[in-house]
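Dropping the structures in below, format is structure tokens.
The two complexes that follow have chain A in common; it is paired with chain B in the first and with chain C in the second.
Up next is the complex of A and B:
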């Protein structure tokens, strides 16, 4: 009873009560600042879009830098003695892994995948892994799959080593931990797209750039979880080990690391998933493989081909996630394995079977996936899509066609938001950002958010950024409404939750890129499909966090509300939702971050805005435009994250 | 104390490693794709541009390289300008159809000498502004740029706001349209469809509803057979009138499309390089293959095979003995 009343919002009115609420005080302070500053700013630079006088033209120095790099790439010592070696090492290792995979042949690789899954995760997953790889072959995507796999293997190994090193440093040293944490936190909220341009600037388009971008993107979760695992070691155990006279190294190797096993494996799982999602996106900077097939197909609006390459990506994601996840659970369970196949015996059987299969295929001269086993799905899919275009696009009675929805969404939702944002005076945008961030978070988050937004103006990409922002806002609104509704429903019905869980699991493991395929099929190209893809991508996380948050509301509070005769609706509105507020805020924050990530990729399907700037920069070899777009994406990501960041930071969803 | 010695040892070790690996020079500008030449096959890497004509060139070249000369062909999709960089670095062996990039030619062919011209492909390309013929018949004066402002309201769309829409395709294509609109004082806004495919989709939708539109388009292009379009006359092209991109006031030139090869590949590429240098066909041939790919939705392979089976006399001479 007490809890219920104390945490429902204060309902009394009057100035005294208002002043007691900190949000009002903050807003009043801001209003005072605005009252002083706005007239001055207005007089000096006028309203409307970001004033020309306050911009800095960075494109010229950037273009010069880019030209200098191209001209000196084969002569300057920085490249020949440093970057050149990195680039060579990457090309060599990717090539090495690729050749091994090709030499093992399709039979060897498929069986090896099954065998590894069997040893670390059990028979069921072994079957899944084998089937998944066979499906990649059946779709005629064997060679691209191997290319993506080779790139992934190298990138994941590098990320794990780098992440572990950083994590060790941060786990053992408080100062490094304090320094690194905000950086890692921020890196996790930035869209993958922002990482592409800087590496291209140095390494040019190609595999080395793609691998490096992937490593930079996927190492943070490993570092973060390693550090957290090491720091979370049980104090009692550590003291016991120390009192036994163990040296620092012994303490680390025999106590701290084994105790952090679970976090390490979770880190590995997240790193692999993020690496896959990046390896696919990096096709726009020459990663090759499956992502490239999707990219090529999307640029010709060939949904069938895109799907044929997209399915293997999804299968890879599901298999990798399940297998590493199951391995982590097994380790955590501490079950004694008593089967005769435990340890080296099982592994040697697995290795022997793999070798036998690989050799058999080699001698049967079946090293490459036989072309007669390829199922062409592109044509039937395109036929189905054409049928959809003819029958579902426009003029469906009563509901209208999908293209009509997209057009309406663009005209009645996206356009007004965009025009509204672009029509706002620039200082008022900053004020709104400050107000939101400060009310929700602290003055630090507000300051970061305002500075990030101002940086966008200074870089002279104000209008493109507001275009992207308008898509994010529309996407977030849809996501939050749908996500909260489904989340509330799922929290009230166990059956619905059980039904949703496997769907959410699969959706949460899919790389962002894949979502573009179905929306292009349904809505064509433009801003509406980009937003639709973003909504579908962000929805699972929002639903999940909402459901969990509502479920965690104390049953005592619920019961006392019920005993007071509250209806189901009243319970939800006055008890559950207010108590679950932190979770709902987190869901909103996640929704914003995830929607932005996909809206930016939406540049590939005609989404415009900043994502388009990045792509156009890449396409025209005009890295200055691309880099500025990339920096603006970073700023926008920072701003959106800080604006929606509750005072207390929570763990993030991985990939 | 112990910790310090260990740190010193680690630093020393790292230093040694860096010194070891840093000994030799590593030229990162001479790296082939890690996927090239795998498993002992002779490989040629071709750059595929996103328009269909270029796809037709590549499909036919790929088929002949595979079937007649026993090469394995890797295709990489790279946009026009990055393709020059990739060609210079050897990540790509050849570009089959280039629409003219003077800056790049200066940098890579004349200064760095990493790329050599591979001769013409036999097709002359022309970029221009087009309106659908059904609209031009009703309003014959629209085909002169001086009258475009009169028709601006007909070409208005939600994306172009109060101005007329001039539809462009992919941002990576050669285009002066923004400068042209400004310098000719036209009441138009350039709207990028995002890709050629998106542009074609839009053109076809406009044509289905018989709506007027003004688009950046180019010849040779198979779409003319499905949607007849008439060119809008811009101020005539004169040699050098497009020297300063910001001040352009004239039409696009007629460009004989060129092939370009990586310099090393041209020298050491054996029969494949020889074949690519000899490859030359006509506009009609290219259109035939393009139409099969883009309109009849045949896979580029099948389309190439069909043309090759029917035209042996034409390609026999390209294949070195």
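Up next is the complex of A and C:
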């Protein structure tokens, strides 16, 4: 019933009034339900937090399951014949790729990166790629970079194959598509942290678990975009191909797949970016490489080391994103490629140059990155950081210091919200969730949200979840205020937008993990830095969606408002914002999802809450606690997504 | 084959028919297959049918034959079922009931392979929105049909090049469809259909998406191709002037039915009902009607069989007007050495005005409903 209201943006007072009436009707219904249920519930289980009587202790069965798995890992057929083979195959292939990368030497890899970028994306990006890899070496991070790269190569290949297969099935079969779509949609809103524990449960800490978590996390976009691309094939072309007597196989291979090549490349791009993001986070379950260096450095608050490992991550992200993105754009462009280096000739030149460089380095005995070329940035950075601690953290006249800000934010914003949430009677939290989700979405989304929230209570992680929720709410509030303000400003000024674009581009490609480094440098550890990292991570997507939404408001409507003599404030309030409502809702939804993802990771820098549960569970080998934390994260993510989910969901990527 | 056909033409009568369509129905919607057999439902008009059953009958009980070498035009406004009809011929849309034969072979009974053979070698289609593969060059697009037939690369490219030359696209073969104008893209579509050297070409509103000037060029291209190769063509259009220009015979469709089937002259000269009459009202008759239908018997007293300009029976009235105006005498309609009749001012003006003058041999011109009107020179399209 709410479909109609959301699909037609509030255009006139008639629909607006109807919408308001509908919201009122829903709230009234909910109030009636509450009036009946609350006294009963309150009489039976009167307590602020989730009542003990309604919890189920899952830690015992989970511990048992986990113990059983550990005991039987080497003996049970399920492991020896199935998981064991998967695990071995992963270890072998990652090892193999790693050895190849090492054998090629730093010269070979750097030149190969440049050559590939040259062929698929042009000279400019070739220079960028070469420089980026050289920088990784200069920072003394060559070996960890290769470890991360090896893991990435295996994980991305597996994700692409898996994603393409799923996408093919969903793209060619309506029923599979209808079944798969909600699953993929949901997977896309879950924080990366939630994927870690189930794989650890089965595979233990190590490279196989890390690769599998990465594959599970990064295959959905490939599957989703493959399916959408295949389904979106131009009907006219498909009909023409059929009219020429093509077989089903020919139709798929020579028409449907090539027609979807843009979506396929976009899927590849997203899969690579998500794989990198996860490969770094998976350092907490034994991925090794760059992420591990950052993780180790952060746990000792060694900002210099963290930065030295963080910069290669960012460089890798930027290079991978730009190169795959440019390859996609090249396909779209109709420029005639008449250069003599077209096709195999160019590629063979690239291969020859790479080979020559690799061999030269090998014979010059320069396979490893020379230690004399390493620039140690850790120490100067740490000196700078110490200076900051001494001079900026506190006692700066008038403005205070960064540590003061963080402390104030914790005391005056985070604590009241957390205490307020935890002080609320448990049933009122459920009611608020139901009301919000129902007013914004449909009764289905409301039901899912309430059930997810209730599940958190049943799992007995009510307080930790509300702690995380309080951080998310504070983070979202800041993100939305800043994001909408900057977004509105950017939509009104082309100069500001042009200025912001490259910044947003870089920010949106960086893995979540990296954001923790600067906030730790600025604010130390605790909940405030976790929220700050979350805000910085979510802000670009919110700004971008807001700007696009406002820009897409029909020019005819804007023109008519202008011609009627509306002031620019009136135009914004009465025309742009109402018409851009779906985009703004989407921005809010994305903001919530992204903030949650980083707040949870904030457990690494003392953010507490569910993220801490997961990490503590991993660190202590207490998988039950970790798993419950992971499930609670999933529930919280589902709840937050459904509460902010407008009925008409756009197939859009937030980050 | 369906038995619903009431008249089964003698086998030898159908030999020169490429396509023979009998009692064809295409109904979209739930339980569509029950509609054609149900006498109560078939009598309903489209709105009633949709209300009663939720079905839409796109093609209703259509029968016709396409003769070898002719250009058979199916014409109608949008929603009249003409595009569905042409897709039923090669089963791009599966007909609900009725029969379709190609060279006497039942198309609806064909299995997958046989049908594929039909589409590959016997009937090729040109589409309104071209349906080109954007990632292939013009050459590879034209060769695509041969490629899926399994023709070797060198051979198919050679064949494709020949067709590309034929449709006037030399020099563009390495471009991609996105770099071509609409008219050029449709030439690629035409070349792709020709490359397989099919027995029949099916055109589905091929020029509707083109600018008027380019459309005229393309129409002339089709006329030229037909003259050179004599290939059978089935041409779908919503543009009356295009239908009159290209068609040897025209089937005029309305709400899924064929309301009139005949030569352009028959359609314009003797519309079957009010709808057709309305449709052809603004057609410049003198450009469609021939002298054969406009002439009157020779009045030998007036020496008409010996003087005056000679003109062929198939010449249009507008040609006769020019001849009469130049010479000042009635024109003799000559079939070889035999004089069939004459046309003079009275007959010619009658055709232009849409009234039947006394003594005309024509098959009853349109009733003078349109009234005598002073007609300016009519050019361009009429019904689009």
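Note that in this section the second predicted complex is superposed on the first by the 630 of 655 C-alpha atoms of A that agree within 3 Å, B and C clash if a C-alpha of one lies under 4 Å from a C-alpha of the other, contacts with A are read in each partner's own complex, and residues count from 1 in each chain.
The working rule: contacts are C-beta pairs under 8 Å (C-beta built on N, C-alpha and C of every residue); 3 or more make two chains touch, one makes a residue touch a chain.
All values reported here derive from a predicted model rather than from experimental measurement.
Trainee: Please name the chain, chain B or chain C, that touches the greater number of residues in chain A.
Mentor: B
Trainee: Taking the superposition on A as described, I'd like to know which of chain B and chain C A:564 touches: first, second, both or neither.
Mentor: Neither: A:564 stays clear of chain B and chain C.
Trainee: Taking the superposition on A as described, I'd like to know which of chain B and chain C A:250 touches: first, second, both or neither.
Mentor: A:250: touches chain C, not chain B.
Trainee: With the two complexes superposed on chain A, say which partner A:241 touches: chain B (first), chain C (second), both, or neither.
Mentor: second
Trainee: Now for A:259: first (chain B), second (chain C), both, or neither, which partner does it touch?
Mentor: second
Trainee: Please report the chain A residues shared by its interface with chain B and its interface with chain C.
Mentor: The overlap between the chain B and chain C interfaces on chain A comprises residues 247.
Trainee: Please give the residue numbers of chain A that touch chain B in the complex, ascending.
Mentor: Going through chain A, the ones touching chain B are 70-71, 73-74, 79-85, 87-89, 91-92, 94-95, 98-99, 102-103, 147, 150, 203-208, 247-248, 286, 288, 292, 295-296, 299-302, 367, 378-379, 382, 410-411, 415, 524-525, 603-606, 612, 615-616, 618-622.
Trainee: Please name which positions on chain C make contact with chain A in the complex.
Mentor: 90, 92, 115-121, 124-125, 127-135, 144-145, 147-149, 174-176, 178-179, 189, 192, 196
Trainee: Across the complex, what residues on chain A touch chain C?
Mentor: Where chain A meets chain C, its residues are 234, 236-237, 239-247, 250, 254-255, 258-259, 261, 331, 334, 336.
Trainee: Please output the residues of chain B touching chain A within their complex, sorted ascending.
Mentor: Answer in residue numbers: 2-3, 21-22, 25-31, 33-35, 38-39, 48, 50, 76-82, 84-86, 89, 91, 107, 112, 158, 170-172, 192-198, 201, 297, 299.
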